[in-house]
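Next, two complexes with chain A in common: one pairs it with chain B, the other with chain C.
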Partner chain A sequence: MSFFFALLFILASLVFVVGLTLKIIQYAKTPVPLKIVTTPAPVTKSGVVLRMFREVVFFESLFKSTKWTWIFSWVFHMALLLVLIRHLRYFIEPDAVPAVVWTLIELVQPFGMYAGFGMVLGLVGLFLRRVLVDRVRYISAPSDYLMLLMLGFIGFSGLMMTFVVHTDIVAIKQFFTFNGGQLPADFPLIIHLSLVALLMLIFPFSKLLHVPGIFFSPTRNQVDNPREKRHIVPWAKALEEEQN
Partner chain B sequence: MHRLIDLKRVAVMMVASVLLSFATAAISDSTVVEGSKAAGMDKGGCVAPQMDMRRNHMEYLKHQRDEVVHKGDRSSKFALAECVNCHASKDKKGHPVPVNAKDQFCDSCHDYAAVNITCFQCHRKVPEEK
Partner chain C sequence: MAKAEFDVPELQEYVDVPEVEEGTMAHVKSFVVTKPEHNTDLGFPGELVEDWHDKALEKLDDLRGRYRSLQVFLDACVKCGSCTDKCQYFLSTKDPKNMPVGRQDLLRKVYRRYFTFAGKYFPKLVGAEDLTRETLDDWYNYYHQCSQCRRCSVFCPYGIDTAEISMAAREILDSIGYGQKYCNEIIAKVHKIGNNLGLPGPAIENTLEGLEEDMVDDFGVEVKFPLDVKGAEVLLVTPSADFFVEPHVDGLIGYGKVFHEAGISWTMSTTASEAGNFGMFIGSYENMRRVALRVREAALELGVKRIVFGECGHAWRVAYAFLNTLAGPFDFLDPDYPVPQHICEFTDDLIKEGRLNLDKSQNDDMVLTFHDSCNVARATRMGDKPGGQFEIPRNVIKAVCNNYVDMHQDTIGEKTFCCGGGGGLLTDDLMETRVNGAVPRMTALQNAMNEKGVTHMAAICAICKSQFTKVLPYFGMEMDQIVSVHQLVGNALILTTQKSEGDDEEQENDD
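Now for the complex of A and B:
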């Protein structure tokens, strides 16, 4: 089993890292011929940084559009962040980082434990929204449900291991840090790891690309200064000069 | 069409992983520290099997604490004092080393897994002296 999971995670990590890198390169290269910023928008660069910060950390535009979606979504994402930070303990050796970093990882553990409930709660809310709100159900694709279900079961199996059927976490850490540990054969762990690997495999081809994508969204990352400074991309400029 | 085949393959791999998991079990080396009483014992010397203790020792200790504090029932085989009696090692001079000192029985895993326990702010961390 350990051998299979080792192969699976090597493959999944490769697909995740390479796929995500290629996608980010693609996003960075995508032409932005027009100024299409959503107004009211900041007129300075630092203002844009601040706007992106509010967007990424507080989900400002979602807050302004739908409060119910915002509350579930925000709770889920923030909880996921805490849970991910908590998981650092499985991948970092205590001696490999400064003592203060390790202390911080220790301190975040209890918060990460209970954040698991927030994560699942948010996902359940988002799932119910898809099912119960007619206009959302109408536009929901199978992949929308798949993502919610997968993340939900990842969270649920994780919570099971934290609070109900414990597993041998030292063995898991030895496995993931290439110290030759054997994965414990515990059912929730197998579900958890299989789903995480699957999520990593489909991440670069899925709606989860909103993670890097939000930073490349021209309606949010542009400065609102079309009159002060003409928006013209290099290739358009070359074309224009050719014509004249 | 291409995509469908890939999905199928992934699904087969998932199922295979679950099946395989039942065929193998995880057994790794002992973490008992040298010079402790436990080191001189057989594998079955502990109050519960190793695989069980690694997963559930915290639950057992918490359960035993509740039994003792709420009911005054000390009949449970799980007791922190007994853990310490067996698992504390001795230094070169023969003095017992605290179980929560660096790389000792409790600390070696807890530090490794970023677990911060407060047991020994109150409880004894060296074996009982007779």
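Now for the complex of A and C:
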């Protein structure tokens, strides 16, 4: 079983990293021929950084829109962040990183443990909204429900291992740090790891692309200065030269 | 009440979010181009090509390689539903394909089917669908029920702008010869004659002479409305509706009086006698550029130092955000002024400098409110600071009238609703869409009338003014309740040598 999971995670990591990198390259290389920032918008670069920070950390636009969606998704994402930081200790040896980083990881542990509940709670809220609000139901494809279920089961199986049926965490760490550990044959762990691998596999092919997408969104990342600075991309420049 | 062939929604106290009702607007189809030259003049095939299926996909592939917005927006949507209750066309028609994400998905499902791994191999799972004739017709019908107002983009956590998707879809449709008559006929007119209304030079000249005569009759002052005057300081580019449609023309009179009082020489141009640029509506960079270049050419030919744009919404977007890209650089103009300037920025500066003698009481017969035009609000700026596009027009209005109140805060500023007629929908064959789209604004206006005694609504967009003139009567209001901002300025502005009742005393205008 450990061999199977080792292969699975190598594959999943490869697909995740390569797939996401290719997507990011695609986004970065695709030109933005016009200034299309949604105004009012910052008129300086530092203003844009601040706007993006508010968008990514506080979900500013969603907050303006609907408070229920905002609270569920914000709680889910922030909890996920804490949980992810907490998980770093399964992959990193204390002496492999600066002391500050390790202190941070240690500090997050108790919060990360309980954040798992926030994560699942947020997901339940989002799922209910998707089922109950007719507008959201109309726009949902099967994958939209499955994505929430998958994340929900990842969270739930993780909580089971943290609070109900503990698993051999030392062996898992040895496995993931290539120290020859064997994965314990625990049911929640198998579910947990399989779904995480699946998540990594579909990441570059699904709506999870909203993660890199937001940073490349021209309506959010452009500086509002079209009159001050001429904006022109190569294909538009070529068109101009061809016609002049 | 105007007569209608459809049910006119009754205004309620609030605009409630309705339950979805599929297909209520599926029958609404604006006229398709029937004269091939309306397509071919723009560089598109004259009629629907036989291999439209492959050609449409080819175009979609081409566009997503040239527009990052399209590629990212097609990928990033998580179907959170944040935009679903934000579109004025959905709120009153209940048609889920008029929800921003529903509208986007018409294109997204095809993108997924042909260009993504998941859609190629698991179409049902991710909602990917083949491009069929039904889908193509859905594109035509529903992408011409989007006014590209960007309200949805304000509320999207990823900034997805349905306007970008609509523009791309319309460009795909044009590229296979399935263009919309209204937009394409107008663009062809601009290419040939110089303005949307197809007014030839002598007609404009005639109108302007008439205005000059009225000025002498009314005020005893020779206020000029110059056309094609070489060496003028300012080139004014204004929507052609300003030349003879009410209340637009009252705005033009206002501009003329402001220029006269400022003592700044100005001119309009017969070749650039149109501020609007419908090239944007159809998403065609090439056509938009061709239309924009007229402004550059007119400025060079007339040797002006500044360019000022008149009251027009989408036009101001193209002018403010795109003109420098499309037709720049404008290094031959006076670097002390932004290129281009909005007439409200121009007037606001003069008011601040105290160069206009204003009598607010001239507008005392009105209690005013202001409709933020969608593209001015969410795609442009005025002045140096973000949000200047909200403050500057209000500053101008407040400087020329005593009674001003805002409508409900959720319907103004960046949250403003489209008038219902923007983005290439201002055609009678889309009346049902236009009347429905106006409901949120009409509701806010009616509330302001009932609660705050508002009598008139001012706007700075030719489309808004035309749209409201037409739809106000559907809701039991008067068509002349919509006024131009510079109409108000014109009313209040006392001309320096103006004859006044009873005395001939010359008024001093310096503070």
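The criterion applied here is as follows: the second predicted complex is superposed on the first by the 244 of 244 C-alpha atoms of A that agree within 3 Å, B and C clash if a C-alpha of one lies under 4 Å from a C-alpha of the other, contacts with A are read in each partner's own complex, and residues count from 1 in each chain.
FYI, a contact is a pair of C-beta atoms (placed from the backbone, for glycine too) under 8 Å apart; a residue touches a chain by one contact, two chains touch by 3 or more.
Just so it is clear, the structure is predicted and the values come from calculations on it, not from any experiment.
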Dominant toucher of chain A (residue count), chain B or chain C: C
Touching partner for A:F5 - first (chain B), second (chain C), both, neither: first
Touching partner for A:P42 - first (chain B), second (chain C), both, neither: second
Of all residues in chain A, those that touch chain C in their complex: 23, 26-27, 30-36, 38-43, 55, 59, 61-62, 64-66, 69, 73, 129-130, 133-136, 138-144, 146, 202, 205-207, 209-210, 213-214, 216-220, 224, 226-228, 230-232, 235-236, 239-240
Residue numbers on chain B that touch chain A, as the complex places them: 10, 13-14, 16-18, 20-28, 31, 51, 54-56, 58-59, 109, 111-116
List of chain A residues in touch with chain B within their complex: 1-2, 4-5, 8, 89, 93-94, 102, 105-107, 109, 165-171, 173-174, 181-185, 187, 190, 194, 198, 201
Sites on chain C touched by chain A in the complex: 17, 19-20, 64-69, 71-73, 75-86, 96, 99, 101-102, 105, 116-118, 122, 124-127, 150, 153-161, 164, 285-286, 289, 320-322, 324-325, 328-329, 338-340, 377-381, 384-387, 389-390, 414
